[in-house]
Structures are given as structure tokens and as C-alpha cells.
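Report on the following structure.
As written, the chains take the letters A, B and C, and residue 1 is the first residue of each chain.
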């Protein structure tokens, strides 16, 4: 270790299981807790998607187990339309919030941001712990939402909480899509099944989640601004840190808006205010104000909810992808044994994406009845956001160019990320054009678009990150051979699932349909629907390999024998494995180099770690005659 | 490994592209703005298709060519990038994407920035969970007064038509939409409860129906026939079967229909629905 | 660990090698002179953190007020609310509390711990006074039969004042915390600096809540 300063670390390592592993304030433990949360959540989400596909491909078939699990949602094991819709809603919500907004940022970010900038912990460890536990509560609440309706068991208990909590006519959860458009989501149970207790819990869960992520974001930003170690200037930070930082800024500015909207929505539901509910509604035979079950509402604006939601919603999708982009850049450079191509351009691109991300939310609302003029503005801005994304793509290719690529599982998934991000991203250029959104809005083309880019590209980013950092986190490798099989199956699988969905969209298959049997013009698509389902079943099955690999490797995986198994350059690789409680055993590292110094001519090894000193100091690299 | 990955990427790319030539495509268009829209779609899909292919082929090429051959001492090229290239591809993509974006506005503008031309055929659409109501002004071309308070589904007064109003005497309300061919149509879209979406694939046309708002849209259908009309915004339990039909009729046939009083109007409509087959493609 | 000495010559390759303006030899990243400045003082994190937190709080109230503006602009059902006079008292109280808290902070700077505690206490009392007068305002409205669901303006009134009150309550807790801490008079520099930093952070927060209240007050009763 080159030099020491500020040796003392503030909080001594806790002893005792609870403080060490449960209510820990160690960012590393919290990171792992987030990852476990994501692993559980994604399992739930996947099973739901499996049921959805089963229902779409074999409508009306009865699956006995379901009958016993969800007597109201799937009587006799036959999935009802409302059961399907609540699956869609929960699938989307869980995947977006509890998978893609937890592990990439709260998980890997939490674990590695402080280490990569050479800090001994997060700026506010206690807030950090809180942010996890709040998020966990949010997750538990959303799971409850599945079981509260149908006026039996839990549902009965909730009905006790008051009229707006009384169950609908029997479903398994909220029905509103993950976007919860008002007034459907605001009217309460007169609007049909899935609008009772479940929907309340959905809103509450989202609100709780917002608070959790805000605490996290606060911590990330402060830590990065305040706690970089000596020599870790901004332009020497790994791209992962830039990504996590930008993500945190996006979260910090967008989640409060959703929180505000959520509060308004909740008030509309339980305090019968009229923020989103217009006057003169006539719902299921009742006119607003003429019946105790349907109190008077006036003058609310349904589109207002969409604006609030999407002002959050679009930045949210970049919150979901940026950490993946960071990890990909990091891993591509490491295993191509080559500096990142156009480091600065990458940093600017991340920023441009983050900034533009706040001005394009209207592209989700072209058909909402919003002003057609603003639609045009949103549309053009939306296409310009493709530019920084393309720049990143080019730079990834540039990083590979001339490299000496080592195909570890992590690298495979990083390469998969690039492939899938392009595949999903470019369809954004179709949806972004207001004209083309006329036929394409709310069809499966949208579903295809966001699954490729979010549903799997971001997820691939997480896979890559886990295979890459697992050795540092647990001192053991994940099985490479299992990893490879997992990659091949998943990579091919997701192409097979989501590419055909584009065709469905072009033919005009609408989203959120629990069955396509009603429409003649969709008949021709039956073979594709089946193909997608089969591919989905295989792909989801393949994930069991992954889960097995994780669990098995934690205990039985091949031990890492040195602290830098990948021959990487950043700080996490020159501390112990796994890192000590204060990350650097009381001796903070000093940084002399940029983050990706591979294949440096004349250097004895093909990588120069950020902490390596040099005898001969080339001019103008800011050393200021630093003494060692 | 490198070679395998490259080949797999290329195969997946090839299959993905082939799928777009597999015959599944838009149903044949029946509206005046559709050809322009389809052309724009084609241009876009070609541009993005090419960049998709280019990116994937490039990616495959990189992993094929630059895989680690494992000879000792052999190192990657030491480069931090090139500003010239950065500028180059930033400018190029900017030009391509923004041009696409601007081109992508023309059809939209023609449909949404201008009001319906004078003399266009008027229908008022009132959506509700989970059915469509189409309100026709009748001979006098005037819509009768409607009131939320008068709505009464049980009495089949779905749109809250005020019988007292003179203008409403010759109005009719049916569950299917009949419009003239080759003549601009203006729809006044309203919803009684939640957000729905008016969507006829052959029209290449979509618009939300938002409670509390009356949204006016217009288009011109140019092919006689019967077409399926779907709801494309999640509106609750039976969203998937909130279905109706759009009949595009020759002017004279439509005039006859118009002339009929409510009851016969309904029967005639059912007749016509039976008469016209669904399009085969 | 990696302490190996690597001799690395400047590479002067141009073009796709190392284009102009790219990080210099062996990519030291930024060439800024302060690349090696000592890390920011740890105390600063409380101030930074506070500003960051305020940014997000500001965003939430922005979303609520944009809702207010849209809703009041589009609606035909707007019944303006008569301003409860007591709110003027609230305003006075909270303004005053900001002043006293500022005094407290100054006293701490010149390490007059006794004075500091006194002013803290005073501030806290004023804060409590503010909350009480808010509650009175609500009860007055309720007495007139105006509740959250009565009409949009009342909905927003209860919502915004309520949200602000909750945040101010947080501020009060922070003041309590400072009071408890202020009991210890003599402390070594490190702790003193930390105390100053926390006090600063809380002050920033409190001033923000003060300004926020003025803003909400104007929005609610002057905008429409």
C-alpha cells in the first residue's frame, strides 16, 4: 500500500450476529441484502410472467395448483381475466421497482461505490441501513397486495380497515398496470375487481419505496462528493461510479415527484378528494354523488396523474439502465485488457442521457389527449436522446477494438448487454416518433422494446456485475461452466422471447389483453404467441441454473487465491477479499492513475493499478512533486 | 469461445431480421393518412434495422477478431480513444436520428394540428366499461343534448340523451360505428368512467378517450368494409373484450342508414354488419 | 499489495491511438492541479447531505404545487378558501424562529455553548408555537365544515400545510437532538467541528422550511 492518511475509521466492526448481518450499517452487508432482495423479487416476478404466458397460450386451461393457491383468482385453476391483469400489474411493478431499482444501485452500488472511490463507508451509514429496511417494508406491502382481496383470510381483516379497503369481487391484486393510470386506479372498488384494498397497498408500497430510494440517493451523492480518497479526482473515477452517481441524481429528483403523485392518488382513494377524478362520472351503473358507494367528485384531471407519473417514469427507466451501462463499460475494459475508449465521451454521454431523460416524459403520452404541439417537442427531444446512447454503443465497440478479449462469464454477459441494448434501444426510435406511435402505442411492440432494453439488457448488466464481483464479495468464484451454460440459454432465450413480440406489435396485438381469442385479426399470430411462451418457459427454467450457481458458489465455489483475480485496476481489487469492515484496514489508498490503464506500453504488467506509483513521472499529470 | 459467440450473435441477428420478412405485417391500410405513415414506418425500420445489423455484425467481428489468443507478452492496443471519431459519430447519429424525428412529425401534424375540414361526418363516441356507444346526430346533423345525470344504463340511455331536446328526436345510438368512405370523419371522444382508447389497426389510428374531456379527432377512411375496433387502454377486468366494429359504407348506403329512426337504425346496422365480411389480411 | 514501480514513457501516438485532448501518458485522468488535494473535510458531509436532501424535498413540493397550478387552472369547481387569520401568526412565529436559530448558530461559532443552548430552546419553542397555530387553523376550518374533501382548494390547503408540518416536525426533532448534545460544554476540536457542522445543517434545513412556508402561503392565497 503506497501511502496512508486519515487512518482512523469511525465505527468499529460490530460483533454479534444481529448488528453484523441483520441491522448492519456496513455498506457491504447492506449491498448484499439488496441483492438478496432483488433475487427474491425477480423470482416472484418471473413466476408471474410464467403464469401470464401460460394464460395467453392456453386460455381456459385449468391448473389445479392455482385453484388451491388462488381460489378467488383462479377458481378451479382457471385463470380469470382479472387474475391475469393483476399478474401483469404486479409483474411490472415488482420488476421495475424491486428488481431494477434495488440490485443495480442499492446492491452493487452500495457495495462497490465506497470501495472504488477509496472511502471507508457511506457518508451516512445509518441512513443507508434505513433505506434498505424501508425498501424491504415496501416489498412486503406489495406482496400483501396480492392476497388482500376476495373478502377472505387477509382480505377479511383488511376490509375491517374501512370501506376503501374492502375487497373487490375477488382477484389477486391491484389492476392498473405498473403505471396505475387514474381514474381507474383512483375510483376505488366500484371500478371493478382489483380496485380495492390491493390498489391501496400498491400505492402505499410505491410511496414507501420512494422514501427508501431517496435515502439511498442522498447517501450516494454525498459519499461521492465528499469522501473520494487522495488522488481520486472526478476524471479518475471508474465509469461505474459515474453511472451510480448520475443514477442517484436522477432518483433524487424524480422519486419525489412520484411520491407527490402517490399521495394525491391515495387521498383520492381514501379521502375522496378529486385530484385525478373528473366530475359527472357514471361507473358501473352509479352516477358520482348519487350513492354512498360513489361519493361526489368534480373537476379532477386524469392526465395530471400521467404527467406526474411519467415525469418520474422516464428518468426511472434510465435509473434502471445506467448502472448496467457502467458495469458493462467497466467489465468490457477489464476483459478486453484495454482502456475504455473515449472515457470522457462516456462520462458526457451518461450526463446527456440523465439530463435529456427529464425532458422526454411526454413520449409516453402521445395518445393521452395532451397538446399535439407539445407532443412534437417531446418527440424530437426523444429522438435526440438516442444520440448519447449510440455514442456509448460506439465507444463499447471501440473498447473491444484491438483488445485481447478474455471470455469469462462476466464478459459474456457484458457483451450480451451491448447486443440487447442496441436491439431494444433502436425500437425506441420508432416509438419516439409521434406519427408511428399512432399504430404502435400500447401494442406488443412497446412490450418488446422495453423488455429487450430493460427486461433483459439491464438484467444482463446485473448478471455481469454479479459474476464479476462475486469473488471479491464472497472470496469464491461462481462456477464458470455453469455461468456459460446460463449465458447461452438466457441470451438465445430472451431473443426468442422478445423479438417475435415486435411482429405481434406490428400486426397490432394490444398490451394488457388477458386473451386474444376475441379478435379475428390476431388469429394469424397464434404460432408466434406459442413460440414466445415456449421460449419463456425454457429461459425461466434456465434461471434455476443461475440460482443454483449462486447458492452453491457461496459455500463450495472455487476459492480466490489472490486479491485481484481478474487482473483489474480499480481500488476494490487491492484490498483484502472480502474487504475488511472499513474496506482498507485503516489505510486509505492514494490514487495515481486513471481507472482503466491496461496494456500500458513499457509497463511490466499489462495493467497498471490506480494505486501503482511510477519511478519516472511524465510531465503534466498533476503530481505536484508528491512525496512518498 | 470468441468465434462461437460471434457466430451466435450473427445467427440471432439474421433470424431477427428474417422474422421481419416472414409475411406478418400491418393489416392492409384503409385510411388516407396510412400510406404516408406506412412509408415513414418503412424508412424508420430500414434505418434502425441497418444500425441494428451494423452494430451486431460489428460486435461479432470484434469478439471474433480480438479474442485473447493467449500468447505471452502480446498486449492489447494502448488507446484512450479518438476525439475525431467521437465527433464524427456523434454528428452522424445526431443528423440521422433528428432527421427521422422531424420526418416522423408530418403525418401527426396533418392529423392533429388542424381541425376537421368543414362538412366532415360527425359521430360522438362515448366509451364505458366495457362497451362502445356511438351517437349519430341524425338527419338534422345536430347532436341532441346529453347530460351525465340523464345517463341510465338500465334504461339503455347510455349517453344520457335528453329526450326533451328537439335536436335529439332523430338521433340514434348504437354499439357499432358506421362512417362514410372517402369523406372526412370527425369523432368526438368521451368516456363515462375510465380511460379507454379508440383503436382500429387498419386505420393506423389511435386516441385515448379521457373522462372529463371531449377530444375531437378526424381521419378519412378510403376502403369500404367491416373492421374490428379495439380498446387499447387498460380499463379494467374485461378490457380484452371491449370490442366493436367499424363499418366503412358507400355514401348512399350511409345516407339510408342515417334517415332511419333509432329502432330501424339498429336493425339496419345489424344487417350491414352481417353483410360485410371481415378483411382477410 | 500493489506497490510495484512501473516506468511508463509518455506515448505520443496521435489519431485513434491517443487523440488530442485525451488523458495524458498512462491516463492519469484529469490534469487538474488539485488532483492530489486532500479529501474534503468529513464534517462537510453534513452540509452537502443537507443541500442534497433539500433538493429532493423541493422537488416533492414542486410536484405538488404544479398539481395545484394545473388543477386550479383547469377546474371549474374552484371555491377559494378564506384565509384563516391565525396563519399570519404562524408566519410571524416561523420567521422569528429562523432569526433565533441563526443567533444560536453564531453563538456556537464563538463557542458560547450556554447562549447557544438558550437560543436553541427558544427556536424550538417558536417552532412548537408555529405547529400549534397551524393546528388551530385546521380546527377553525373544520369548525366551518371545511374538510379535505370539501373542494379542491381545501384539499390542497390541508395537503400542503400538512406536508409542511410533517417536515417541520422533523426539524424540531433535530433541534431536540442538538439541545441534548449541547449539554457537553468542552470538547476536543474534532467533535467541536462536527457539532458546528450538524448545527449548520439543521439551520439550513430550518431556514428552508421557513422559506417553504412563505412560498406555500403565497401559493395558497395569492395564486388563485
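Keep in mind that, in the parts below, contacts are C-beta pairs under 8 Å (C-beta built on N, C-alpha and C of every residue); 3 or more make two chains touch, one makes a residue touch a chain.
It should be emphasised that the depicted structure is a prediction, and the values quoted were computed from it without experimental measurement.
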Measuring centre to centre with C-alpha atoms, which chain is farthest from chain C? B
Chain pair with the most C-beta contacts: A-B
So, in whole Å, the Cα centroid of chain B is separated from that of chain C by 47
Would you kindly tell me how far, in whole Å, the mean C-alpha position of chain C lies from that of chain A? 29
When you check chain A against every other chain, which residues touch at least two of them? 279, 299-301, 339, 343, 600-601
Junction residues of chain C - those touching two or more other chains: 11, 21-23, 27
Do you know which chain B residues sit against two or more other chains? 77-82, 85
Touching residues on chain A, where the partner in the complex is chain C: 1-2, 5-6, 123-124, 214, 217-218, 221-223, 225-231, 233-236, 252-257, 259-261, 263-264, 267, 271-275, 279, 295, 298-301, 304, 307-308, 311, 339, 343-344, 563-564, 574, 592-597, 600-605, 608-609, 611-616, 618-624, 626
Within the complex, which stretch of chain B touches chain A? 1-2, 5, 8-9, 12, 15-16, 19-20, 22, 24-27, 37, 40-41, 44-45, 47-48, 51-52, 55-56, 58-59, 62-63, 66-69, 74-82, 85-86, 89-90, 93-94, 97-98, 100-109, 111-113, 128-129, 148-149, 151, 153-154, 160, 192-195, 197, 199, 201, 204-208, 210-213, 215, 228, 230-241, 243, 278-279
Looking at the complex, which residues from chain A come into contact with chain B? 81-82, 85, 175-177, 181, 183-184, 187, 191-195, 278-285, 287-288, 299-303, 336-343, 345, 367-369, 372-373, 375-376, 379-380, 382-384, 386-387, 390-391, 393-395, 397-398, 400-407, 412, 415, 418-419, 422-423, 426-427, 429-430, 432-439, 441-443, 488, 491-492, 495, 499-500, 502-503, 506-508, 510-516, 518-521, 524-525, 528, 598-601, 606
For the chain C and chain A complex, residues of the former touching the latter: 1-11, 21-40, 42, 44-45, 48-49, 52-53, 55-57, 59-64, 67, 70-71, 74-78, 148-149, 151-152, 155, 159, 163
